[in-house]
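Down below are the structures I want you to see.
Each of the next two complexes has chain A plus one other chain: chain B in the first, chain C in the second.
The block that comes next holds the complex of A and B.
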């Protein structure tokens, strides 16, 4: 395998331009289910990918270690592994470390991938006087930035895991032996990168703590979004427009406590003409939101699935330039780039609809009625 | 004293075409054309011609053209014609050389070195004829965060936003004072501002009573001379602008020669007829940043905190630090006027040598305010040099919220940039206080031209936004990903914080 930093973005571009397939499936009772349906669905949209990236975020897969952070780490070489493990041991208590089980599959040039169940070093967290999640984020970003592609922590949440790489999603699933896992929510992505060679770390979903984002599209507003978020202390380090979604959700949901329904009115607001015609109170509210958070308007074509523990969120751009279909059957909510992919695993649906421009769909696990809104990163000046 | 400098222009008349109607004599306010009875022909005093093109446009027979005088001194790259002529003029007069409009020197226009992006394949461009593209812009202080409360399932807005200006297109008419320009010009600007859903700035010379009816679309200016400032005036504005500096003449105040101060203007400015209206170089109550804060709040107190207060400065070397101070002074809007910003009268040496291009000023101010986390607390208006919708788009991509246009508006109304505004004889009826000459500008016709201009630019802005795959102008603001530089040095690219074309 080549040096990741050289493979990643050799042209100095700041983002990956993707045309992709998304599929997400959540059981709102929190009942875990195996890989069969998600894999069938995502592989039904093979046409939308080109074999240069596939990935999965699976929630509820490590119930035995639910209190521990599960790190998935890809290594370019043994030296990188030694360096990372050394700093993991300094900063964390490593409860379990093992090579991620893999098997022969049609994937391209896989790196070495390890899994660690860890907990932060208590005294160090107390010393730094920051929340545990912030501590984790800080160290994950520090390692990722300093390793500069030679190693990458690409999954760092609790009781969830990301599996991704270069290949078609069904091949990635086979490679990672996903038949051995069960989860109550699966978010799947098939990638069609157009401006960067496939890179294992560049596949979706992107994840930090238990946020995972799978994205189909391109943000024309990326420059504005990134610079707006920077004024709130976020550092865009992953060189992809996908990460601004993660930070935008973190800023609005966790830090500014904006209800999810209103988050979509910020990321994909109604047009001024529509706002002007609304009843006074609503007009004031939406005008204030749009004026204040104008830098978070997500422009350009996209559909995106954002997941966190117990919750799956689907959103499309406000003039609907990328597809996203929602389907409901019993306790299941499906989100997919194509309806056919839902039908192939669930031919009869209680309800199915195409999201309109700027529409947000949220599926929440019932037990998570009080959802813990997770941190992403806010490491001002660190 | 015998004048040693050569006429700048030569009037060429096609005698076969000329029907001796003498319209040129009537149109020229500088007395260039005259009729020779003995010879029965029209002749001209070339040395008085300013090349305003008025006679050329109005000659019914198209018999006149004005040419640059081909007679020139021996070629010398250092001692240019301009340098030699200026020295000769000063030797003859002993004074500073006055001029009008903006700096005309080469190599200061960076807009032309910036290129915009468009979508291809991976991102569909948007067609403004078929899909909505929004260019509405709000100017004013934004909150850092919106606070909401839940009241029985209903979301209630707790944050009260500071007063905002709502622009239906991100272009406003820059400050031009009554006196520098005629009342008809103000009237035309006001009507166009109303029609286009934007604002005009009345400049530092007070406001004529007939213009109070446009108060919803008016920005009133408070400059160091405090001409025409009283409570009624302040309250007539939708916003108040404190003028600290002007791009055409950073470091000095406004100059209105006594010749232009007739009865009406004297009344508006609250000064005696015929006196020079010279604004002091600084505000004598602002010797430091904390003094500015006091003035900002004094004006807010006077107007019940109902209007945004803007502070206009010239783009000078440490503009970023100055803007950072202004952002913390309580001001809602910062206006930055670049080196090419125009004026009705300024010493030429100051106009041409002081200040920096708006492109750099804008880039560093936006960057600085973002680094300090206060960019959302003020709006930035770029001024001085905007010639086209492309300049507007590039300014917004660099970080501006909106732009002011002054010269472009005057050009739309007839101005040809002859740079003789300070004479008060503007043959186009624009930069004059003379009743007769100012009648040449019909407010109805002039406002139609302004409205057309703004409408045309708005359509072009939407086309360019759509091309980039952006359907709302706020997604362009500070979006330097959409810009590339061509023919710029590494340090210029660094300051503008953009990539070179091809990268």
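The block that comes next holds the complex of A and C.
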């Protein structure tokens, strides 16, 4: 439980460096499926992790409460739980609260973990004149910052949930009884922290509202990105690069309503000498994007899976210093650190490829569209 | 100790091929089994249902043949010193890492850093390779060779110090040209069938000469024989070569 506390970073360098395994699969028809394939796939990459962090984001798991925010909260002790519950009751209407079902498994020192189905207090939202989602973000951030490691709201979306902790992913799955859940999208992570101990809150996926991010690598641009996001009110409390991705997507997609095609051009833009060779209109657009959002350019080695309700996004750094493979079979899109992990659950694929540097792959429910954004750059000029 | 060999299908106890079903076997167990059998004199291995197991063939010497079915894991053939390895599928990252001698033939595509720090032997990839193929390749007594049938990702031959890379680019629908080829290279040579225009720092483009052509012929012929390509057709197009500007590109960095 000690590991829930973020003061476990003995180097005080504000971030963790990871060498990890990523796996995600989405059914674009929205059909829900059980844990068997995702667990089989992520555990096939056991060597990429070291048992100091495993986690899952599952979408479509709470259909009976789809209108309510589902908060998953870790507590260091009962006092922290009392404090957080008091503040939840002030700011929200708590419809249902229960301890997350767990069972004996090979996990290390688990904290108390509770689940709440809640809705924002209407009058308070109106009073503050902000959108409901922003109200939730604000309060999640406030609680996480003021508890300072004694409690952590690590999942706060609707009809989705994050389950994570210190252990190998298959053990985390057992601990949280994931055999009882079904989802149309699973994002899985196995962690190999290299300069801090693993702690429960630091396991991936990192999540805020419907966003969940699992990440392999390191952002050397972390400081720049963090400062940029802080000017928009985000508080980076987790000491991981992962939360920077989450807030960047939240800012660009949810708040600034920027289409994903352009989001990839902001996070992993073409080099200036490539922009110089582009047609005038395209050049203007990409120059403007790079100037406006220069603080969100992501540098350093990374591959990342970002999920939101109905959508799974894969992205790699511009010079491809971490692996990510995509596979398509029927209604499924797979993203994985290694091709073998996809093949172990789906030996025959319609299509399989390794992402190129800066390439974004998107699988969207209903639209049935798998877009290779690298190939649609020409559209940006139109 | 557990007898790892008890469930194996061994067709001829003295010299025959060993069939190993690698399904559900972890990297450690598979490699321990192979090393044990090599010690007992077996020379030919058919590996089935391979699925992400790393370091297959690591450090093995001698006249051994591997036939790999499935998707082997990272660092296939790492430190290998002589064996021949045939892979009937794609390989992941780091194939042929610091390989000393031997042969790796891949009938599919390869991931990133294929031929990483390779010091000898040959690698033939039928399809595409990922980023940084042939990074840090070197040649001391023998020149290693990496032959790529399809297209290559960026930073081909990065920091190359020796050896030969031959990029055939046979996939006519390839969307993207390799960028930053030969970044930081200070030895060796990259041959490219057709043209490329984007080089990294420290590399320059040159016309090929008669000696180059002989070497290209030799490697291309072997490639075509392995994968059933029409040699004459492959050779119809012109080749260029990329060589280092200097053998000590950073020699004056800290003067």
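The criterion applied here is as follows: the second predicted complex is superposed on the first by the 358 of 382 C-alpha atoms of A that agree within 3 Å, B and C clash if a C-alpha of one lies under 4 Å from a C-alpha of the other, contacts with A are read in each partner's own complex, and residues count from 1 in each chain.
Rule of thumb we're sticking to: contacts are C-beta pairs under 8 Å (C-beta built on N, C-alpha and C of every residue); 3 or more make two chains touch, one makes a residue touch a chain.
Nothing here was measured: the structure is a model prediction, and the numbers come from that model.
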Which superposed partner A:300 touches (first chain B, second chain C, both, neither): first
Touched partner set for A:284, first chain B, second chain C, both or neither: first
Partner chain in contact with A:257 - chain B first, chain C second, else both or neither: first
Which of chain B and chain C A:340 touches, first, second, both or neither: second
Touched partner set for A:31, first chain B, second chain C, both or neither: neither
Partner chain in contact with A:221 - chain B first, chain C second, else both or neither: first
First (chain B), second (chain C), both or neither touched by A:319: both
Greater residue coverage of chain A in the superposed arrangement, chain B or chain C: B
First, second, both or neither for A:46, with chain B first and chain C second: second
Common interface positions of chain A, toward chain B and toward chain C: 319
Chain B partner contacts - residues on chain A that touch it in the complex: 11-12, 14, 17-19, 194-195, 217-218, 220-225, 227-228, 230-233, 255-259, 262, 271-273, 281, 284-285, 288-289, 291-295, 297, 299-301, 318-319, 321
Residues of chain C that touch chain A when the two form their complex: 26-27, 50-52, 54, 70-74, 90, 92-93, 109, 111-112, 130-131, 153-155, 175-176
Interface residues, chain B side, partner chain A - complex: 119, 121-124, 126, 131-132, 134, 136, 138, 142-143, 145-146, 148, 155, 157, 159, 161, 164, 370, 373-376, 397, 468-472, 474-482, 499, 503
Residue ranges of chain A in contact with chain C within the complex: 44-47, 319-320, 323, 338-341, 343-344, 352, 354, 356-357, 374-375
